[in-house]
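Some structures to go through are shown next.
Next come two complexes built around chain A: one with chain B, the other with chain C.
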Partner chain A sequence: MSALLPIALITFKEGTRNRSFYGISLLALLLMGASFFISGMVIRDVGKVAVDMALSTVSFAGLLLVLFVGIDLMAKDLDKRTIYMVLARPISRQQYIVGKFLGISLLVVGTVFLLSIFGAISISAIKWANPDYFPRFSWGLVFLAEAFIAVSLILLSAMSFLFASVSSTSFLTLILTIMSYIIGHSLSSVKALVEAPQAAGITVSPLTVKLVQAAYFLFPNLSLFDIKMQAAHGLSLPMTYIIWTLCYGIVYICLVILFAALLFRKKEFP
Partner chain B sequence: MNIINYSGVTKRYNSWPRGNKVLALDGFSLQIEQGEVFGFLGPNGAGKSTALKILLNFVYPSAGTVSLMGRSVSDRRARSLVGYLPENPYFYDYLTAKEILWFGGKASGLHTNEIQDRTEMLLDKMGLKVSSERPLRTYSKGMVQRAGIALALVHDPEVVVLDEPMSGLDPIGRKLVGDLIRELKTQGKTVFFSSHILTDVERFCDRAGIIVGGKLRLVGNMADLLSGEGTLENVFMREVKTAVGGGSR
Partner chain C sequence: MQGITTTFLLAILVTLHVFFLGKAGTERKTLPSDAGGGFVIPSPVLKITSLEFKGVVSDLLFIKVMVFKGSTYERKEQPLMKPEEWQWFDKTLNASTDLDPYFVDPYVFANANMTWEGGMIRETNALLEKGTQYRDWDWMLPFFVGFNSFFFLHDNAKAAEYLMTASRRPGPSEQLVSLAARLEYKDKKTENAILFLEAIEKKTEDERLKKEYETRISALQARLLLERSVSAYKEKFKRSPVSLQQMIEKGIMKEIPMDPYGGKFSIGPDGEITCTSDYMLMPGQR
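The block that comes next holds the complex of A and B.
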């Protein structure tokens, strides 16, 4: 444990000082500001638009952070060999992976927290200007949606670690992570479609059904963490759904990092 | 007591996807004793860096064993008292020299007070005190090299492994590092360094070894090495010519 903290802290510090981090934060702030003006142009459902805009901004900025800061932090270590500075210490490759992952997770949580504050300010301002359009609004649901966004982004980071452990270039890691994101968000809909193709009036081969079912179990189901619509409409979620989704996320993250650490054991740094 | 021990080490790199293998080390054996300053010489691509990287467990040997202070190099504890400077070091762009030294100290198990004292002392010695709060990306090549040396020494290691420590340094920097190697020797530390600058090896080392084509061609005390040919340059050229010509010793 004593080796993990220094790695996590330097990763977090390096991440927060990265120029891309400031760019992403500025973009998020601009989008939050824009939502105030956009809500002024909407005739109905101002509350839903405000919540959806705030949560989408947090989610989008977090995704950019994982793809362009998180992957870069790992890639630089491997491409420019800054990893020597870490592995020359009494630190194993597995400890390096876990420490680095903790640092990036801390960065994701910190960023989502910061953006959530800006989101709350944006929603509060719109709510203050249009109090009649927030009949079923719930701060609890908004914060829960933001917590789910943080978990899904940490899960995506874990996937990027897994890909970085096996791929030879950071570009390949980036592509595979983007693919995981897209698959993770669309797979449950695709699975529902191929399992009941008659509803859509199409035919699907049994092989395709098996492939989609296999992919469903291999890739993380990120759509589970997307509760923006429920938060925007003020629809409550069953406690069992919340607990099971969080458990799914945590278990998936632990398994992926464990697997990444096992693969990283074999990696050489010539 | 042998503090570093390579025994019959062979290293082959796979050149994927072509599949041909590059033989970087071929039956390499070397023992370095405690308190020795050992110079490791060889032309480019001879296998010097590979040998050092195997010692630090960055790459794994294809055959043979390597131990450091009696422990196999695959045991992370073997690196607790080792300081390492890579060739052309590169550190985190946005961290300061103080911060990387904090990391080096913490990761090696030092207490905060110790880290502060050693950091102050080393940054002063390396001429980096004024720029210690600046991000490393604003450093010149020589400054990065000196920061790397400070990082290698922050935990007061028993064994110091330096891969081309003089690379990128101006004459002042080279003198600084030379004095440091001498100081480490007087403290009884073991220094294992690779270099292309033969006069530095002549000046600082107790023993030297010449590696060509992954094979250790010659090892000996500095006095013995110089007794026949006069200069290390002559010895080095002879060994390289013999190796390239297919000769063996």
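The block that comes next holds the complex of A and C.
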């Protein structure tokens, strides 16, 4: 444990020094600004649109962070050969991976927290200007949705670690992580579609159904963490849903990091 | 010398940039647009491709419809929108509410436009029924279904059913329950319609929609005045008047009321009141 913390803290510091980090924050601020105009264009559901925009911005900026800063932090050590300096110390490869992952998770949590503050400011300002259009609004649900976004981004980071442990270039890691993200968010809808194809007027072969069902258990189900709609409309969310989803997320992250650590042990460095 | 060349080059490039942007932008406007008649991606595909941004995609689809509707007000021809554009309008609002079925604006906007102007009553009701199912705290949507069923489809049983649903939800005025009961009296159609619209108008916050409802109410009030005059005429002379002018000559009413939509009222052979505007804006009225 004593070896993990310094690696995690160094990774976190390195992440905050990355210039892409500032670019992503600037983009997030611009998108928050755009939410003022977009929410002003609707007739009644101003609150819903304001929450939609704020949460989607947090999610999108967090995604960019994982894809461009997270993967870069992992790849830089290998490309610049600085990993030898770390591993020359009494630190095992597994400790290095876990420490690095904790650092990036800390960066994700910190960024989501920062963006959430910006989001809260933009929602508050729109709410102040249109107090009558927030009938079912709940801050609790908005913050819960942001916490779920953070967990799903940490999960995606874990996936990028798994791919970085096996792939030879950071570009391949990036492509595989993007694919996991797309599959993770669309798999539930695809499964629903292939299991009831008559609703969309299409035919699906039994083999496809089996393949999708298998993929459903293999790939992370990121759509479980997407509760933006519930937060936007103030819809109630059962406590059991929150607990089971968080348990699923934590177990999946542990599993993926375990695999990543096992594979990284056998990885040949350049 | 180098500085002057750079400045000169910069000035030329900026000028060319502005010129070409203007040209390309103008040409772009002449290309066929997908808004108002283009292909609408089916909802199951949209749900998959929107990933975790379904809410925002739903908002943008709705805004696209609103912007398109607004742009049609600049048109000179009548009717303002073609049948295929109304189809696109309906499909896009359906896609928007499939992505986020709790989003109220597409329902309100569909009801305000697709009924009187678009004549797509069944399509509007199908959309509103979806909203009624999801937004189970909202009395407005079943209320709209009730009104459309009563006024356009003459289906009083369905109207009463939806009005009762609306009255069980929090927020509506007490008029609602009595309205549901009154629907049995078919001869009070215009009077009930005014009561319906007054209830909607009171709860409408958007200034433009509010104004549209006010215009509609005043048109129906004019029609109600004429209907009552025809009834009074029939009672007095035991036959229907042949024209509105005849009712003025016989002292039943003082003047023919104005139609705020710019149309002209007349009397049918059985004494029924008709209007040339059909309660939609006549050319040059907006």
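The rule we apply is simple: the second predicted complex is superposed on the first by the 269 of 270 C-alpha atoms of A that agree within 3 Å, B and C clash if a C-alpha of one lies under 4 Å from a C-alpha of the other, contacts with A are read in each partner's own complex, and residues count from 1 in each chain.
Everything that follows uses one rule, which is that a contact is a pair of C-beta atoms (placed from the backbone, for glycine too) under 8 Å apart; a residue touches a chain by one contact, two chains touch by 3 or more.
Keep in mind the model is a prediction, meaning the values are calculated, not measured.
Undergrad: Would you sort A:7 into first (chain B), second (chain C), both or neither based on which partner it touches?
TA: In the superposition, A:7 contacts chain B only.
Undergrad: Of the two partner chains, chain B (first) and chain C (second), which one does A:199 touch, if any: first, second, both, or neither?
TA: In the superposition, A:199 touches chain C alone.
Undergrad: If you stack the two complexes on chain A, which partner ends up touching A:87: first (chain B), second (chain C), both, or neither?
TA: After superposing on A, A:87 lies in contact with chain B but is clear of chain C.
Undergrad: Considering only the touch criterion stated at the top, classify A:232 as touching first (chain B), second (chain C), both, or neither.
TA: A:232: touches chain C, not chain B.
Undergrad: Figure out whether A:257 sits in contact with chain B (first) or chain C (second), or with both, or with neither.
TA: It touches nothing on chain B or chain C.
Undergrad: Quick check for you: in the superposed arrangement, does A:52 touch first (chain B), second (chain C), both or neither?
TA: Once the two structures are laid over each other on A, A:52 reaches chain C alone.
Undergrad: If you stack the two complexes on chain A, which partner ends up touching A:18: first (chain B), second (chain C), both, or neither?
TA: first
Undergrad: Shared contact residues on chain A for chain B and chain C?
TA: none
Undergrad: Residue numbers of chain C touching chain A in their complex, please.
TA: Contacts found on chain C: 42, 44, 47-49, 51-56, 59, 62-63, 66, 100, 102-105, 108-109, 137, 205-206, 209.
Undergrad: In the complex, go through chain B and note every residue touching chain A.
TA: Residue list for chain B touching chain A: 13, 50, 53, 56-60, 76-80, 82-84, 86, 89-95, 99-100, 102-104, 106-109, 135, 151-152.
Undergrad: So in the complex, the part of chain A that touches chain C is made up of which residues?
TA: 38, 41-45, 48-49, 52-53, 55-56, 59-60, 132, 136, 181-182, 185-186, 189-190, 193, 199-200, 222-223, 226, 228-229, 232-233, 235
Undergrad: Any idea which chain A residues touch chain B in the complex?
TA: Checking each residue of chain A against chain B gives 2-3, 5-7, 9-10, 13-14, 17-18, 76, 80-82, 84-92, 95, 268-270.
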